[in-house]
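To start, the structure under review is shown below, and the notes come after it.
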Amino acid sequence: MAKNIMALFQYQDDFLNAARKLKASGFDRISLMTPIPMHDAEKIAGLDKSPVRRFSLIGAILGGLSGFAMATACALVFILPTGGRAIITFPPFLVISYEMTILIGVLSTLLGFHIVSGLPAWRDKPYRMETSIDRFSLVVGFDPDDDPALAEKIMRDAGAEKIIQVEKPE
Amino acid sequence: MGKMRDKLKQYLKPGYYEKYDYHWGMTIDLDRCTGCEACVVACQAENNLPIVGEKRFKERREIKWLRVERYWEGEYPNIKLRFIPMLCQHCDQAPCETPCPVAATYHNQDGLNTQIYNRCIGTRTCAVYCPYEVRYFNWFTYKWDEPLEQQLNPDVTVREKGVMEKCTFCIQRIRQAKDHAKDDGRRRVRDGEVTPACVQSCPTKAMVFGDLNDPNSRVSKMYKNPRGYKVLEELNTLPKIVYLKKADSDV
Amino acid sequence: MNKISRRDFLKFIGAGSIGAGAGLLYGKSTKKTVELLLPQVIPPEDYSPGIATWYNTICQQCGAGCGISVRTREGRAKKIEGNSNHPVNQGRLCAMGQAGLNALYNPDRIKSPLKRTGERGNNSFTEISWDEALTTLGSRLGNLKIQKHGDSVYLLTGGVRGHIDKLFATFMEAMGSDNYFHYDFTHPFALYEANRIIFGEEIIPYYDINNANYVLSFGADYLGTWISPVHYSLAYGHLRQGRGNQRGKCVQIEPRMSLTGANADEWITCLPGTEGLLAMGLAHVIMNDGGYTGSDQNEWMQAVTPYSPSVVSRQTGVEVRDITRLAHEFMKHQPGLAIGGGHTEGNTNAVASLTAINALNYLSGNLGKPGGIIFNPEPAFPNMSIKRQANYTQMLELITAMTNKGVDILLVHNTNPVFNLPPAAKFIEALHGVPLLVSLSSFMDETTALADLVLPTHTYLEAWGDDIPEPGVGFPIASISQPVVKPVYNTQSIGDIILALAHQIGGELPVALPWTQTEDYLKDSWKKIYQERTPVDATAGFDDFWKAALMSGVWGENKTRPLIKFDRLSNNQIQKIHVSQPSFAGDEKDYPFVLLPYLTQTFYDGRGANLPWLQELPDPMTSIVYSSWVELNPKTANRLGISEGDVLEVQSIAGTIRAPAFLYPAIRPDVIAMPIGQGHSHYGRYAQNRGVNPMTILAPEVDDTNGALAWSATRVRITKTEERIRIIKTDGVTRTLGRQILGNNSVHT
Amino acid sequence: MSDYREPTYAEVNRDILRTLLETGSRYWIVFGITATIAIVCFYIPWIYQWHVGLGASGQSRSDVWGTYLSNFIFWIGLSHSGTLLSAVLHITRSGWRKAIYRSAEAMTLFSLMTAAFFVLIHLGRVWFVHWSVPVPNQMGLWPNFRSPLLFDVMAITTYLTASSIFIYMGSVPDYAAVRDASTGLRRRLYTIFSFGWRGTAREWHTLGWAYTFFAVFVIPLAVSVHSIVSWDFAMSLVPGLHHTIFAPYFVCGAIYSGTAGIVTVMYLLRRCLNLERYIREIHLDNLGKLLIALSLIWAYINILELFTGWYSGSSFQYEALTYKLFGYYAPLYWEMILFCAFIPQLIFWKKIRSSWNIMFVISILINIGMLTERFLIVSTSLPRKFLPNAFGFYFPSLVEISITIGSFALFATLFLIFIKWTPCVSIYEVKETLKPLRRVE
Amino acid sequence: MSISVRDALGTFKKPAVISIIGLIGFIIGYVIDVTVFSDASPVQPINFSHRMHVSKNSIPCLHCHVYADKTPSAGVPGVSKCMGCHKVIATEHPEIQKLATYWEKREPIPWIKVHDVPDFVYFTHKRHVLAGLACQECHGPVENMDRVTRVSSLKMPWCVDCHTKKQVENGRDCWTCHK
């Protein structure tokens, strides 16, 4: 099994340059790790619109419907008329609906986050704790036909501070 | 399918009921009422209202499902004292029913505003929403001094702390009358067969109780009295107690 | 964790078992406690579980004599309602009557016979057995009887009527003593006397408010406390709205608004004690305006001459305009009634005043007419009890006898002279001269607390008895009181005690009273009535009759009194009609206010104070609970800088009491009023040490004519003290603030 | 300002993580005090009340709701600014939000928890509280969804869930930072908390999207929560409460008190945790401007309430208003007006706006005023409804006063725990605002 | 250093297992308490066998529970009723002798209630019996029981289900049963 290479950068532009070059050189399996969210890094990683939004939308719609359904069902299980209102009453049930839209929407967004991001990370992955402080790190995984040395060179040229061989699979 | 549609229609109908089985109502003739408060004790005796003690009265935590309110009018020497017995109005659009989160109070098919004590969790919202302030809360679990507990009516629950309670139009008496009617093979309770404790005791016969569905019942006739009015009618709670205002005094 | 170590294994086991234990305990805690199902050993025949049984009996909370139905379940009384067969209350019942259950199940009842151990008044008693109690008393009585000192035995009871009264009388007669009195503070002595003067009979007639068009009440609180409130309330309801469009008018004349005053169409104040003068003023107008044309017109004219409206107006404080108007209205709206009572009875001129008020009825020709005064026929069995009512002067004689060691044994039953007599009478001091004070009472009241021997009696719900309501309802009725529950405590009915004593004493007593049980005694007594009224001897029918009477709770005869013609009164009688100014104890300068103690609907004369329902019942006029108070006009209060809750010192020539002020908008500025009933030093946990008893500062003023206590004839002064308490009342704001709560009704002026 | 030097990334980590990883004795003393007060003043009276019944409070026949409910509104109100402000500013991409939003959200969360406690305290039979949520029970009955109280239940549950997710998700990268800075058990715990966060582009990207959606959800939610709380009152017929304006009034008041609460919390964090480099004048300035705007809106709504109450001519409304203005509790009313409408106008002065100490005092005064406002709602309107005869008076009992004091201690305790659990200033977002690390300038 | 959540969770494996075992134990304990130590079948002061009386000797229910069709409460027979037969029948039986002791002392037999509804419930036997319900529908096959066991939960949904199924008039109104 091929080893991954991990490189740490001190500067964000070096790091991005390295990533771009690697990408251009045909290394597809690269992970970019940054201490702060970075738009360029996301672009390099080829991320555009996140599928999380679908979770939110579906969750919200389902929530709204289920809220109304829940209120209706609860009212119909044991019919107890109150205050001269109808059994299925829209104004209050819409409030419940509204709240449930948000509740289920939030929960399904959370679910979407977990699914899309792949977190929680069940396996141990290549990682350097400097990443959470002020270092930008880059992990390159190799396909059998890739040349690890080339990748290493690109990174070193771009100004990598440190290059480490990591055993852990990405 | 049609049946489903009818059902849905009923669920969407304000007030839900097509027609109440009975529509219990009461009239209180303020021209007869003398404010003697016999009804107050009758209610206390019938419905196991606790003896709360002086301290609780000081804190305004007395429990009287039926109280007599008094209002002075005028100034000495041309002064009048008016009495008005205030009890649960069993409103058809009761503001107190809707806000109960556990539906411990609701409107039943006799048109009564119910209170199910053992369902109550004590949010007291109903008491805030009730414009007549006739809902009383059990701030404590009240004890009866031995052997006063022997006079407790076994047909009525003794309420524990944290529970709201109010006038039930003496549901135990209504239930018993219905039971008797069934025994006699009758479908309906006769007019006058049910008298809540307050109505029963009233020394001036100021109160009349009965079924408003029955156009010939005494209460239906009293309802049409031109002196009749409802307290806080403008709130549109549709109270079922009609007060007959005091008549003018010219002979 | 591939291998479980032994240590871990033990941990798991431990966790599991702790969990299981907790689960078990939780399960236990959620279970209900075991309920038992106890069968009757031998079920009675009429017993059905869960079904109420109703017993008809009579209410003895006050003297009205209402019939009641008591609902019992599984042998326990649950609710008291009016007996709809009973003509007095027709199924209705007042607050006090309904609170009878509190008396039956009162936690502070005397639970067994007691003997005094320490000093009198130290409240130290030991429980003794009934045998011992009856033997002790029986032998003391027996000794006196043998020594021919039977007349040194005194029996003082409350308002007992019917055959129990007769039983007492027979017993005392057999003892050789004629010292059998009733003492009831609320007894309308003056009214009886006034009736005797005008009608020649010492009775209270039937006031037919039912059919009246005009009720002119001089202080009589007929809806609250006067004579028979439930009956009059029923009549009032009928008068107001029971006759189609015809609605009677009620006018109330009194210095302090009573419940009746509140319900009257017109409330007029007059100076305290001048009601009779006002009545004479009205009579003057009636005579002068030709309202009366009887043959004794001239005598009347003479009698009313001194009471011209202008004079009366000055004396009473009522405007001339009002006097003439009232007189005209009274004349015009017939049938009408003039009733006197309440504070009118509590003045030094009470008898004269009530006579004058009665005269109005005479002058308007209301006697014997529907809507007027109807005379009751002879009662079903002779009623002697009225004659035995001891008024204040007679009580003073008794007290003198006690002080002079003329009383060897004083038996007290159902009356509380220590509480109800002004201390000026020195009843407590006189007790020192009484070697043996025996109390036959259900409760440890103030008098019982001073007793040497306490024989606890049944409450009326546990005992046999009978009653003839006084006043009657226009036809003779009698009702039976039967026990509705088994005795709650180790007590005995008063009848049984008397019968047992009779047997204990021996001699001619067992001959006079051969029965051992009150029930038998009653039955035999009723048998006589039955036989008298049955044309043929029908002893066999008696059982059915008795059963029927028990079932319905009342027995009556369809018999009315033939109309008595009052063509004219004798000159003598008319000349007697003369009302003088009332006199008050205390100088007006030092004591600027007249004190009006009044009976409350809840405590009556104080007897209701031990019933928690009544203590918790807001006073109808003020909504105050659990305390006593001093009512004064807001104007007066303003002048003196007093606000609600300020504790006032109320001082009369006889004493001082302290009570909080209550601003009562419907009271004359020159009087103050206090409710009677609180201020018990004994009488159970609900009554004890609560409020004050205004009786304690009453000066011993008596009625000029009959010597009854003039309890409204004391002047007082009030001083504000530093102390201030919050009056406990249920009312918030007692003005409508313009809100349409009462249905747009404007004040009638 | 002039001597301000921007911290480096590493300094940010060090400064902020220090507040979490290093605990001085002062912290423990303060924590001990607040925790003790919370137990003695909050939980013990509550247990006592549980035992004897709600009679332990000063509530009575005429005023069946008391300080429990007014405190509930207060705490819900206080919760309003945190999450809402954070979300709004996130959506509008306001940079200055980043240093303060974490503590603001924490305030939301903990005041919401405190508020939820008041719901429980307020109940007569709290042991049956589960009947008001839609879970099966042995009666086969379900809650009544027509009740405004159930809206409350739903709203608070949703709000609590959404806010905790919002704050948690925002903290995940910071948990990773804590993880990386610690060892042993704490490291393992924070590994779990951070879900094994590495900061890959995918993770940042997903978080960014999800976070934006949370923000989008939270804004209408927060508005609805206080509207719903206001409906508890406005749906009743009680004169003085039965107003349509109540929902905006409550929302505005809530944001107002919440913003003031943020100022208070910021001041304390800055002072006690030496975060002067991160919580700066710009935050104070911006929050000050917000406070002015809110105080004006709040005052406007109050004037409207007076106007409609007076002009409607209804006896009930007029009475209620008169009592509020001139009744027993009138001093409290005027105190509220002074603290919430007049004193905040001082903030117009730049000098005052930039003084931390004065702003701290003003923010506390505003919240005292807002607490008063909530108290007045229950103490002046509820005891005086329609029937004058049933008019009463409300004064809180010792138990209620104690629980009110205890609730502040409870909030403080929770906040102190939070400080040691989550970085109270967002590390990565502060870094975002700094100059990026570039070789090429 | 691992950043894997699984590894981190591993540390907390043992406490988690212990608490899960504890929870399972709790559930088992509770279930045991509810089933084994159930209050549905209490030991009565006298070992009265319904099977003996009803099945063997064909005594109808209403013979002893005389009030069942007349009053809300079915009632247990008075001691006198038992003695009515057992003065002569099976007098030597030890359980009957227990009965005789109660009779001699004129004491009620402290039967333990098996079918007990809470105090806030209004239940009337009369209406149910008169509606033609067999006793067994609620009480189960009592005629085959040596010791009476509660077979129905007597909880509210149980009542309501039956009311719904039988379309009882106002059968779902709270105030039909709650007082």
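Worth a mention:
Note that the chains take the letters A, B, C, D and E in the order they are written out, and that residue 1 is the start of every chain.
Please note the rule applied: a contact is a pair of C-beta atoms (placed from the backbone, for glycine too) under 8 Å apart; a residue touches a chain by one contact, two chains touch by 3 or more.
None of the values given here were measured: they were computed from a predicted structure.
Chains touching both chain D and chain E: A, B, C. Averaging Cα atoms per chain gives one point for each, and the point farthest from that of chain D is the centre of C.
Relative to the centroid of all protein Cα atoms, the closest per-chain Cα centroid is that of B. Between B-D and B-E, more C-beta contact pairs are found at B-D.
With chains reduced to the mean position of their C-alpha atoms, the one farthest from chain B is A. Mean C-alpha positions place chain B and chain C at a centre distance of 31 Å. With centres set at the average Cα position, the gap from chain C to chain D is 63 Å. Spacing of chain A relative to chain B, judged by their CA centroids, is 61 angstrom. One simple way to say how far apart two chains are is to compare their mean CA positions; for chain A and chain E this gives 58 Å. Those residues of chain A in touch with two or more other chains are numbered 75, 78-80, 82-83, 85, 120-122, 125, 127, 129. In chain C, the positions touching at least two other chains are 50, 731, 734-736, 741.
Residue positions 62, 139-141, 143-144, 146-148, 150, 176, 179, 192, 195-198, 386-390, 392 of chain D each touch two or more of the other chains. Screening every pair of chains for touch gives A-B, A-D, A-E, B-C, B-D, B-E, C-D, C-E, D-E.
Across the interface of their complex, chain B is touched by residues 50, 73-74, 76-82, 89, 91-95, 97-99, 101-102, 104-107, 213-214, 223-224, 229-230, 233-234, 236-237, 240-242, 247-249, 257, 259-260, 262-263, 265-269, 329, 333, 488, 601, 612-618, 620-621, 623, 625-627, 633-635, 665-667, 669, 685, 690, 726, 728, 730-731, 734-736, 740-749 of chain C.
Per the touch definition, chain B reaches chain A in the complex via residues 8, 10-17, 92-98, 100, 103, 105-107, 238.
For chain B in complex with chain D, the touching residues are 56, 59-62, 69-71, 86, 95, 98-103, 106, 119-125, 127-129, 131-133, 136-141, 160-164, 231-232, 235.
The touching residues of chain C, counted against chain D in their complex, run 731-739, 741.
Residues 29-32, 34-38, 40-42, 44-46, 51-52, 54, 57-58, 60, 62, 64, 67-84, 145-148, 150-154, 197, 200-206, 227, 229, 231-232, 234, 243-251 of chain B are the ones touching chain C in the complex.
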